[in-house]
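Quick one: the structure is below, and I'll ask about it shortly.
The chains carry the letters A, B, C and D, assigned in the order they are written, with residues numbered from 1 in each.
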Amino acid sequence: MTAGAAALDVDGLSVYLGGATVVRGISLRVDRGATVGLLGRNGAGKTTTLRAVMGLVPVCAGRVTLLGEEVEGEPAHWRARRGVGYAPEDRRMISALTVEDNLWLPANACGLPHQAAAQRLAWIFEILPELEPLRKRWAASLSGGQQKIVALGRALMAGQELLLLDEPFQGLAPALARRYAEALSQLRERDRQVAILISESNPALLADVAQKTYTIERGEIVTAT
Amino acid sequence: MRAVRSLLWLAVVGGYAVLPWLAPSLTYQLTIVLALGLAALAVSLMLQAGLISFGHALFYAAGAYAAAYLGRLTGAHVVITLLLSSLSAALLALIAGLLIVRYRGIFFAMLNLALSMVAYTLLLKLYNVTGGSDGLVVSATGVAGYAMGPTGLADLLFYLALAAAVLAAWFVRVYLRSPAGWALGAIQDREIRVEYLGVSARRVLLVAYVLSGGLAGLGGAIAGIAVGHVAPDSAYWTTSAGFVVMAVLGGGGDVFGAFAGAALYEMLSVFAAQYLSSSWELLLGVIIFVIVRFAPSGLWGFYDGLWRRMAAGER
Amino acid sequence: MKMKQSRWIWGLLSLAFLLLPGSAMAQAKPKALHVAIITFFSGSGAVVGGPSVNAAKLTIDQINKAGGIDGVPIKAIYVDESGGPTKNVAEYRQLATKSDVILGYVSSADCLAVAPVAEQLKIPTIFSDCTTDALFEGHHYKWVFRTQPPASANALAMALYILKMHPHLKSIAGLNQDYAFGRDQWTAFSTAMKALDPGVKVGSALFARLFSGSYTSDISRLQSEKPDLVYSSFWGGDLVAFIQQANAQDLFGQTQVALSIGTQGGLQGAKAMPNGVIVGSEHSYLMHPGAIHNRRVKGFINAYKKRFGQYPISTYPYTLRRALIALRDGYDKAIKDNGGKWPSAAQFATALEGLKVRTLMGTMVIRKDHQATYHEMIGLSEHVPQYPFAVFNKIITFPASMIMPPEGTANADAWLRSLKPSLLAEVPAPKVYGH
Amino acid sequence: MTAIAGPLLSATINGVTYGATLFLVAVGLSLIFGVLRVLNVAHGSFYALGAFTAASAWLLISALGWPPLCIYPALVISALVVGVAVGPVVERGLLRWTFGIEAEAARENAQLLATYAIFLMLEDAQKLIWGGQPYYSGSALRLLGITRINGIPYTNYQLLLILVAVLVLIALRILLRGTKMGKFVLAVAEDPEVSSAMGIPVARIYTVAFTVGAILAALGGALASPTIGVNTGIGSEMIVLSFAVVAIAGLGQIEGAAVAALVIGVGHSIAVFFFPALSSVIPYATMLLVLVFKPYGLFAAAQVRRI
């Protein structure tokens, strides 16, 4: 890890998927402690960008640098162990496990010592107090909104350096969306080091949380503000 | 270029037709290759829709057993026996197909497997009807009212098989270029779009399945008469897997691929049996693996690619 | 072992052969007599293949060393029988292009399938081991011969022995292999039992899949029925597996077991065999301790043991040897009939009809219907200190005239049904040997 | 005991012992499918390799003059050796490339063919290593003696097989739900992508699951070896039987596989007792019926996969 480097630096990233180039020469930067928005319509390439950063889709050109380290070809689990947390848009709980097991998975998988993981979990419960009563429930039995919160908590478990949140507000009732945004700002207050990259299709929702916003259209960055 | 290719096919068929003259003792082997080729063609027809059948030996066996019963009951003309056997297999495919065309992917593969294994165990167990594991003798049948000698019958069968193979290949080619054939190919990855066009995917599949069953049955009947015997092994799952392998070896791209695959498979088994004694399956396994891994379009893909390159070079 | 040659090369060779004018016509003395020998080398039947091939090699070497057949040596190739009847028919067609005589076949299913093809291709074919009665029933083959007695003879001998030793037997049940041989054996045996003692109750008849190797369910099924006697015609690896599993499940302790060809499990079968099992066979050293005093048998056994390091204890070495001796004697006779000239295949086939063959332990006659006659022996298994496997005692030798279905029998079962209990009176007393 | 109840009890006991072996093999197949989503046609070969290795172990023990009771640990060791030697090689060396194929149909077809190719290779490998001769290690069946139930003797060895199958079932459940590794396996089975994003090394989990599946198949073969003639060809028989079990249970089901194995085992055995002619049709006919009415199996919801 290079001191002073950005949490995430994407340079000329292109992704070719299912016979088409989905992302074309994207460059973006997320500094430590910054919250950056990636704004675009459905199908613009937001999700693919986030997945490429996570290492879930193959990159055909360009560079991804995490915490000053170039990560070309490293698998997703390697990136997770470097402190990247990912909350996919469609939540993707492990339905065969309880909420608590879902939250523990990244900690165990990334080799966090038990003590540290327990502390981290307690910390997550402080930010997301609504999770605590759900710990023993089966993940599959939760509502979609609850699952979204669990997904954020799960991303926080591994994501001590960088959080990749894919359309976190998508499909949330307004009250729950407000609560989610509130949780994010709480997180900001308590941890000034963690970087966040949020994708979103509604500019109004991003305005409150992101200091910087890239707009993506048909796989290309068109504006950066 | 097209004309050259057509001429080449004519030469291939013509060359195959004179092989028994050059080497009479090969007649039997050459007939078997055609029979296997028909079964492989049947399997590759389903592969067009992206469906692997691990149970087509059912129809192959149905054709062979039908030939055995027909020979027993009536001593029918060999041409009639072949036609009726193929029809019986197609009828069986119709009945089975009504059920099977609802399934895709591994479920299609497994349901076919289950059906053929039920048939296999029944053939094995209904000793009084099917002869159990002993199987049945498929008796040679006379031609045009008078009985023929054994070599005459073998030659006749070879030319009948060749005619059947050419006809079947031509028919399948025409079918695949018809709207029904296009819809079959489209089922593989755009099934919903097929349905949007107002075409019932299940009906398209059912037609293909019945055609496929009939082809496999025809192959089975030819093999049954050529060998003179049929046993439950012909319905066992490894027989089905052999057809799949032939289809894949040949490449599903065109009808001739199936016959090329069958010829290669049979040649491999003969040569490997000579040089590798008991390890020909090992060789076959390695070859299948290499083809699936590195040349998924099979022999046909290789051949077609060659032509394409030549055509490109001409321009 | 070079078992197969390229069929393609053979195709070209036979083409060349056809182009040589007249070469196929004259019966010039060949350089060698090509014999294809078919038996099981792999799979569950492999228990029989090893000893068979050993005996064939030994016998052929002996014949060739003694000058061959009129100076022509026998050249054998050995082919694996496993793979089922369809595969064997296909293989037969290939062998027919390069063999003068085809010999062997253990499975009845294979014999039934191969016989019509042999007629079609006109190749003299001698079946050395299969026993199904159906082979010759309603068929008049010109090219097909069998040097092994049919299933009905073995079944009748077994029924006679059982009723002689257990006159108060009440019920029987059977476990047999589910194919021509197993079915034939059970039908013949149960028919003979009913004919000879109408009071015997015939219980369930189980048929297990050939070469399935696992019979624990079937054994329990038999045990729950508790018949006085369990009959089985298992052979080869199936027999070994059955003996081991029946042993473990204490079937032998619970009921009398009769194994119609119980010597055919080879060494492993004989080692696992408990005492007191009724076992049938036509002959073998194991079966007949008295035979060791026969000079010819002793010579064969010693030569075999010296060369292969084990006793020829199953039937197969003897049956294959018998077929090869019939082949030699048949050629000798055909040459004589042909005025000293080498015979055609048809002349050889004709010579086999009515041929008398002196075997290691008696005379075999090939009848006009191509079926050979031979005696059967039944005894009880017994472990003795001299050998690490079971040998036999209380042996009854049934002469061929007593147990063979008469020539031209169209239906062996009808013939068995026509037998009368009075036949039992003719059965000789068992011979007891002190070891 | 009435005339029916006695044989029925007997058939059930036999059926359960038969089902126990079937379960061991099928649950391995189910585990592999559940985690890797590969229908492993070569699974029957692992069973056969386990059986051959165990038969060789018996020969070795006899040759060395070791006490015969050594055979029981040797059976388990044989299974471990086979699974650990073959599983990772097959998964890493021969199957891994297929996971990169994107289109589902093309991937499934490539996997069916690749595993069939592996099946062919392993079949001949058996012949090359062990020859065509069958092996009989039936003595292990006798060493533990017999128990009479309702007057009919059963070998204690076969009753022990039931216990082993139950233990394996319980162990699998505990390992999967109670250990970190087990939870990783559950997560990968359900969603390999999200699992890797959480830091789970999916490729390694694949290898682990495949190896455990192979060990289970080999264990089935090793434990069955004393009760059968170990022969080339037992693998091709077993693979279709275990297909039948997992198809009935639903692909990827573990407890379901136990129930399905019992159904097939007892069904087969009852048929032996009451309709012997139909005994071998039972597994496939049941599979056919279940697939027709519940294509995803008795215990699987249409799309949700669990183990």
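Criterion: a contact is a pair of C-beta atoms (placed from the backbone, for glycine too) under 8 Å apart; a residue touches a chain by one contact, two chains touch by 3 or more.
Source: prediction; values computed, not measured.
Listing every chain that touches chain B and chain D alike gives C.
Taking the mean of all protein C-alpha atoms as the reference point, the chain centroid lying nearest to it belongs to D.
Seen from the Cα centre of chain C, the chain whose own Cα centre is farthest off is A. Chain A and chain B have Cα centroids lying 53 Å from one another. With centres taken as mean Cα positions, chain D sits 38 Å from chain C. Chain A and chain C have centres, each the mean of its CA atoms, that are 77 Å apart. Residues of chain B found to touch two or more other chains are 124-125, 278.
Under the contact definition stated at the top, not a single residue of chain A touches 2 or more other chains. Residues of chain D found to touch two or more other chains are 127, 132, 277, 280. Taken as a contact graph, with one node per protein chain and an edge wherever two chains touch, the assembly fits none of the named shapes, being neither a line, a ring, a star nor a complete graph. If you check each pair of chains against the touch rule, the ones that pass are A-D, B-C, B-D, C-D.
Within the complex formed with chain C, the chain B residues making contact are 22-26, 28-29, 32, 124-125, 127, 131-135, 137, 139-140, 150, 227-231, 233-234, 270-271, 273-274, 277-278. Contact residues of chain D toward chain A in the complex are 102, 180, 183-184, 186-187, 189-191, 193-203, 304, 306-307. Against chain D, in their complex, chain A makes its touches with residues 18, 54-56, 75-77, 80-81, 86, 88, 92, 94-97, 101, 104-106, 108-110, 154, 157-158. Interface of chain C with chain B (complex): residues 1, 3-8, 10-12, 14-15, 18, 42, 83-87, 89-90, 93, 97, 108-109, 112-113, 116-117, 120-121, 178-180, 183, 207, 209-210.
The residues of chain B lying in touch with chain D in their complex are 47, 50, 52, 54, 99, 102-107, 109-111, 113-115, 117-118, 120-122, 124-126, 188-189, 237-238, 241, 244-245, 248, 278-282, 284-286, 288-289, 292-293, 296.
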